[in-house]
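These notes concern the structure reproduced below.
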Amino acid sequence: MKEESLWYIFINASLINNFVLAYFLGICPFLGVSGKLETATKMGGAVTFVMLISSVCAYGINAFLIAVGAPFLQLISFIVVIASTVQLVEMFVRKMSPALFRALGIFLPLITTNCAILGLALFQTQKGYGMVESLVYALGAGAGFTLALVLIAGLRERLEFAEVPGVVKGTALTLLIAGILSLSFMGFAGLGG
Amino acid sequence: MFKQTLHISTSPHLKLGVSTDDIMRNVVWAMLPASAFAVYAFGLSVFLLLVTSVVAAILTEHLLCRWSGKESTVNDWSAAITGLLLGLTLPPAFPLWMAFVGSVIAIALGKFAFGGLGYNTFNPALVGRAVLQAAFPAAITTWHPAFLEGRFTDIASSTLALPFMEPTYDAVSGATPLSAFKFDGVAADSADLALGLVSGSAGETCALLIVLGGIYLIARNMMNWRIPVSILLTVYVLSGIMHWVDAEAYPSPVFMLFSGGLMLGAVFMATDMVASPLTAKGVVVYGVLIGLLVVVIRLWGGLPEGVMYAILLANAVSPHIDSALQNRVYGTNKKAKAV
Amino acid sequence: MSETMTIAPEQKAATGNSNKMLFAMVGIGLMCALLIVLTYEGTKPIIAKNKAAALEQAIFKVLPGTMTTAGYYWDGNAFSPLKGTEAEGQRVYAGFSESGTLTGFALPAVGLGYAGEIRVLYGYDPAQEALVGFYVLESKETPGLGDKIEKDPAFLANFEALSVAVGTDGNSLKNEITYAKSGEKQNAWEVDGITGATISSKAVTEALSTSTAEWVPRLYEAKERFKPQTQSHE
Amino acid sequence: MGLFNFGHKTFRHGIHPPEHKSETNGLPIRQFAFAPLLVLPVSQHIGAPSKIIVREGQEVMRGQLLAEAGGYVSVPLHAPVSGRVRKIANVPTAKGEMSLGIYLEAFPASGQEVLESDGLDWETATPEDILQGIQNAGIVGLGGAAFPTHVKLKVPEGKQCEVLLLNGIECEPYLTTDHRVMLEQAEDIFMGIRYLLKATGAPRAIIGIEANKKDAAEHLSRNIPEGLPVTVEVVPVKYPQGSEKMLITSVMGREVPSGGLPIDVGAVVVNVATTAEIGRLLPHGRGIQERVVTITGPGVKKKGNYLIPVGTPLRFVLEEVGVADNLSEVYLGGPMMGMAVSNLDISITKGTSGILAFTDNEVRRADKVYPCIKCGACVDACPISLNPSQMGILAKFEAYDEMAADHNLMDCFECGSCSYVCPSNIPLVQYFRMSKGVVRKRAAAKKEAANV
Amino acid sequence: MNKHTDKSGFFAALEDSSSADTFLRGLWKDNPVFVQVLGMCPVLAVTNTSMNALAMGLATAFVLLMSNVLVSSLRHFIPKQVRIASYILIIATFVTITDYAIMAISVELHKSLGAFISLIVVNCLILSRAEAFASKNTVGQSMLDALGMGVGFTFALLCLGVVREVLGSGSIFGFGLFPDGFQNWIVMILPAGGFFTLAIWLLLFNILKQKRATT
């Protein structure tokens, strides 16, 4: 059976099956913070950061649950661990780097209930990725999330001063842009294989 | 002596004198040779295809303006460009009803929803095509051969498919040079490519006539030459390097330049100023990005052709290019202050 | 009715607070765990049955005439009956007819298609030395194009008798499965592709080619040793 | 040619409007007729108005002081002709408002002689003497801005003038006054340079000239007096090279910092006609009475470069040169920065460098305005490298503060290059003028609020 | 047991006119998808067929109902400091239960909903109802609220699912709608189609709102 190369895992998670544009994960922060480029970039960074950490945690938990024969606790443990990880990261960042905390601070709690993080944990388990593969997967997912967010933010900033018809303004326009972007990302299909 | 009252206007009192509708009208002129060739090569079906897409685009623009209580903007010619370009990028025997749908989407979704002329962040014609490609992937990848006998009297059966119905394709159907290369490893002859003696989308086959239209627009200062030049140069250099590394696996740079929609895209679609960056530097970066994406998608992606996706993706990046590559305002850098 | 309503909060002052928190969390945790375990235990047999039925369904599809199946895995040297913890890539299912004769083997294979992985199950009949069945387990290929690999009768006809004869050396195929452009199939070991879905049909071909090259010689050699499950243990 | 460094030095961006200079650049400067009644506003310059010192009915000699400087940033006004002060009252001005001024009735047989006072010898005069002399002569910038020249020449403490830049660019289409002045008044220019070098303490002077006036450049460089540290620099033709910032960049390769003055990069810029005036007037202690004006445009019959007394009414000028019947627009100054006038009763002032008359045939008016199509033409035209496209959109959405804060609105010097090139006919520079006004008003209001 | 606690019964709550309002609010005026724009991921991801949309809607409604009931009944027992943690625990429990239940009902359905069943845990609709409503109201009221929101959510999912399936596959709940040879609009069942369909629904709502505002 063909092994997925690390390169493929990365390209797949970031471009081909972009978490936001193809898997619809993390749509709410996507709609919420994609209005300004600056916040979009920070949110992307925060999500990638948490993804990397929770990816490792999820890998460990899953191995443990399988060893003890309690797969039914998977979901509950993932969500508890992600929530606590975010708390810990928040505390840690606040202590270690107040500047980084100011930059990421308000975004971290938001991430707890972001399905992209939980989705990442579930998918990597479903795909049976090992430790390194999981990390690369998390990196790709985070990069793809950030890319989608940053692209939309640029377009939305530009459209702030446009004669957009009143009924399209707001969420509808963001969704239309996301749709077109999602179509554009279809061009990456088959890459990295 | 002075019978008339004098008019007051604010300076400057001189105008360069080329207005937006002039530019748009000339773009249509510049596309006519390639369009005429498309009709010549593929016959009646393409004639109907182009008429349908143009009429649908103009109609949609007019009705949307009416509906939203604005003055109709069809006489700025931009809707005609969108319609014609969309038609030129579709396969020759593409069902007319699908082309109609594509034009409506191009104008309504690609242009009007963003605020109309000047505000569309993506190339409207390509938005229309991208939606069509995702909606009807089979129809848009079925190629009709060029120079069939009787093409001026017969209409391809798929062209006249009933609305909302699946088309039936004529048995004869050709592969494009790009898919022939990608899937069968056969490279077409460069001269055939340049002259348009191959199959492909209606308006993309004759590279020479497209270049001619581009040169006309550049000469009249109605098009930014940096965009096509940077795209084509990037494609040439990158694919040249790959071809040099492995001539078996990668096609020659000349093949890359003249095959598929690259010429049409580089000359008429990437140059849509509305969705491209503003500054000279920005435009070059934009062109290089498109060239890069085209090469990557063609050589390593799943699809044989990637010009449409490359341009749409570059459209999405262009606000960032714009903000990163603004000109330095006179007298505001450190050097000026240090003096 | 409930005590919580009658106990005024101030009665349990600061000291009691963390106790209460602990108590609440543990209480809720226990209740949740109980609910989950109950559900898990309650649904386990049904789910297991459903899954087994789905698998059998698929196996029946790729091995015509099969009535019973038995799972095995390759431990590196020989085939042993499944224990249930083996990786999917190691598994193979043998099918038997009503009379207990071997109808063939069902194996999974994976290829990289247009929109990601394509998982298929195919049936190999050592008696005919050919693939006799094919079924797509999972694919994200484009509907209308790539999904022809599941529906296109001409394409599926490829797998009614696709030759995979074992070579004279016994550990490789005489001819590996190869791809041919639509309508250009010449030999019994070639897969006739689909126009407009070249990528997907090539991916299927490659998946089968790789998998058969590895498994078919092994299975062919050991074919005598597979018996219906009741007496399968060797 | 080797004489001067030919033509690669220039500034970023800019435009190339049709020049239309050949119609008048071969015509020598001619004295214009005296109008029977001159109209002299006391505010012909930037700064405080002059203070009138004559009475109604008083007879004055040509060159006599009519009004004295109203402060430091102000200059006196001299009588352009001998005659009688008919009235002191409000006079019409080009801006469309009325302002205080003098109606001066010329004596029909007015003589040519001019009242002189004590001259100023450039070799013995101190810099302060020269600055005072320049102010006394009523000299303001003849390049168009009409800013009192002595103020500009005063080098602030701690700054040093390295180069005196003579502006002989004349980049506005149609105008040829500076061209003729350079050809015909080289002596005066060099004399003026002597005064200016002394006044500013600059060690050398550079005359900047565009390549469409090579004859002038050759003439000047051939006649540089022995020992005078002057060089001539020819630069490629491009609008708005005549703006002092662009000129400094073209010739010296430096950029005047945003919000700064030329002296911040060691330069003082003076127009060649201003310089010639200084060289002509100061040795004799005279004041400005007349200036060279190019009268041209498709609606003018007798085009030419005329020496016209300050205060001559526009109507008189146009009647003398003859205009077409279907006259449509008249501009004071060049077509790029000049002002359209509707009232022909206004008069020539010290700042008037040209009079252009256009007929209905030439004026392209009320073109349809399209949305900005992001063509980037304006971005490639703006010599300050602003983003007029974005600013135009912001102005449309009335986001003035954002324009000023993020887009350097206040650095726009209103050259109009962006409006000239815009295919969508967006009134860009017009938007920016208005926006700057709003921003200034808001800043003033804020300041006031803070003070209260 | 006094009159007060009596009132908290489900049927009593239903009789109350403000309770009917509680129920209807989620359906229309405060529709979680079209008005509050909450829980968007499943809305877009699993609405490529009507069946998936319905199943996802019902699953979410079930979790919402159960967790609202539990949170509401335990509202005096759970200390403030750990309430969010308890809610998450409770929600995760019911999601796990739902997950296994669906797997028991149909492996096929479970496969097509994929990880999105598990992702109900982080659907903020549920957490926000627990926090904003159930923790402050009686069991009966909370049930009504959950039902209203759940039905509203399901309704919105169906709005998308039906449109996407009809155009994208030419069928509704798997039953063919059109004569043979109908051209499916495949884009509708692709991710982009999800974005577009939701955008168009929001657009329609906006137009409706505008119409109502002008009349």
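Chains here go by letter, A, B, C, D and E, matching the order in which they are written, and residues are numbered from 1 within each.
The working rule: a residue touches a chain if its C-beta (ideal position, glycine included) is under 8 Å from a C-beta of that chain, and two chains touch if they have at least 3 such contacts.
Which protein is which chain? UniProt says A = Ion-translocating oxidoreductase complex subunit A.
As the structure is a prediction and not an experimental result, all values here were calculated from the model.
Colleague: If we look at chain A and chain E, which chains touch each of them?
Modeller: Both-contact set = B, C.
Colleague: Could you work out which chain's C-alpha centre is the most distant one from the centre of chain D?
Modeller: So the farthest one, by centre of C-alpha atoms, is C.
Colleague: Most contacts: which chain pair?
Modeller: Greatest number of C-beta pairs in contact occurs for B-D.
Colleague: How far is the middle of chain B from the middle of chain D, if each middle is the mean of its Cα atoms, in Å?
Modeller: Computed value for the inter-centroid distance: 48 Å.
Colleague: Distance between chain C and chain E based on Cα centroids, please, to the nearest Å.
Modeller: Chain centroid spacing, chain C to chain E, equals 33 Å.
Colleague: How big is the gap, in whole Å, between where the Cα atoms of chain A centre and where those of chain D centre?
Modeller: 61
Colleague: Once you find the CA centre of chain B and the CA centre of chain E, what distance in Å lies between them?
Modeller: 43
Colleague: Please output the residue numbers of chain B that touch at least 2 other chains, ranges allowed.
Modeller: Expected reply: 109, 116, 119, 131, 134, 136-137, 302.
Colleague: Identify all positions of chain C at which a residue touches two or more other chains, and write them in rising order.
Modeller: Residue numbers touching two or more other chains: 32, 36, 39-40, 114, 142, 144, 199.
Colleague: Using the touch rule from the top of the page, what residues of chain E touch 2 or more other chains?
Modeller: 85, 89, 92-93, 96, 100, 186-187, 190, 192-193, 196
Colleague: Every pair of chains that touch: which are they?
Modeller: Touch list across chains, by label: A-B, A-C, A-D, A-E, B-C, B-D, B-E, C-E.
Colleague: Which residues, counting only chain B, touch chain E once they are in their complex?
Modeller: 98, 109, 131, 134-137, 139, 161, 164-167
Colleague: Contact residues on chain E for chain A in the complex?
Modeller: Answer in residue numbers: 37-42, 44-45, 85, 88-89, 92-93, 95-96, 99-100, 115, 118-119, 121-124, 127, 187, 190-196, 198-200, 202-203, 206-207, 210.
Colleague: In the complex of these two chains, what residues of chain B are touching chain A?
Modeller: 68, 109-110, 112-116, 119, 121-122, 127, 130-131, 133-134, 293, 296-297, 300-303, 306, 308-310, 312-313, 316-317, 319-320, 323
Colleague: Where on chain A is chain E touching in the complex?
Modeller: Answer in residue numbers: 21-28, 31, 72, 75-76, 79-80, 83, 113-115, 118-119, 122-123, 126, 166-168, 170-173, 175-176, 178-180, 182-183, 186.
Colleague: In their complex, what parts of chain B are in touch with chain D?
Modeller: 1-23, 76, 116-119, 224, 273-280, 283, 326-333, 335-337, 339
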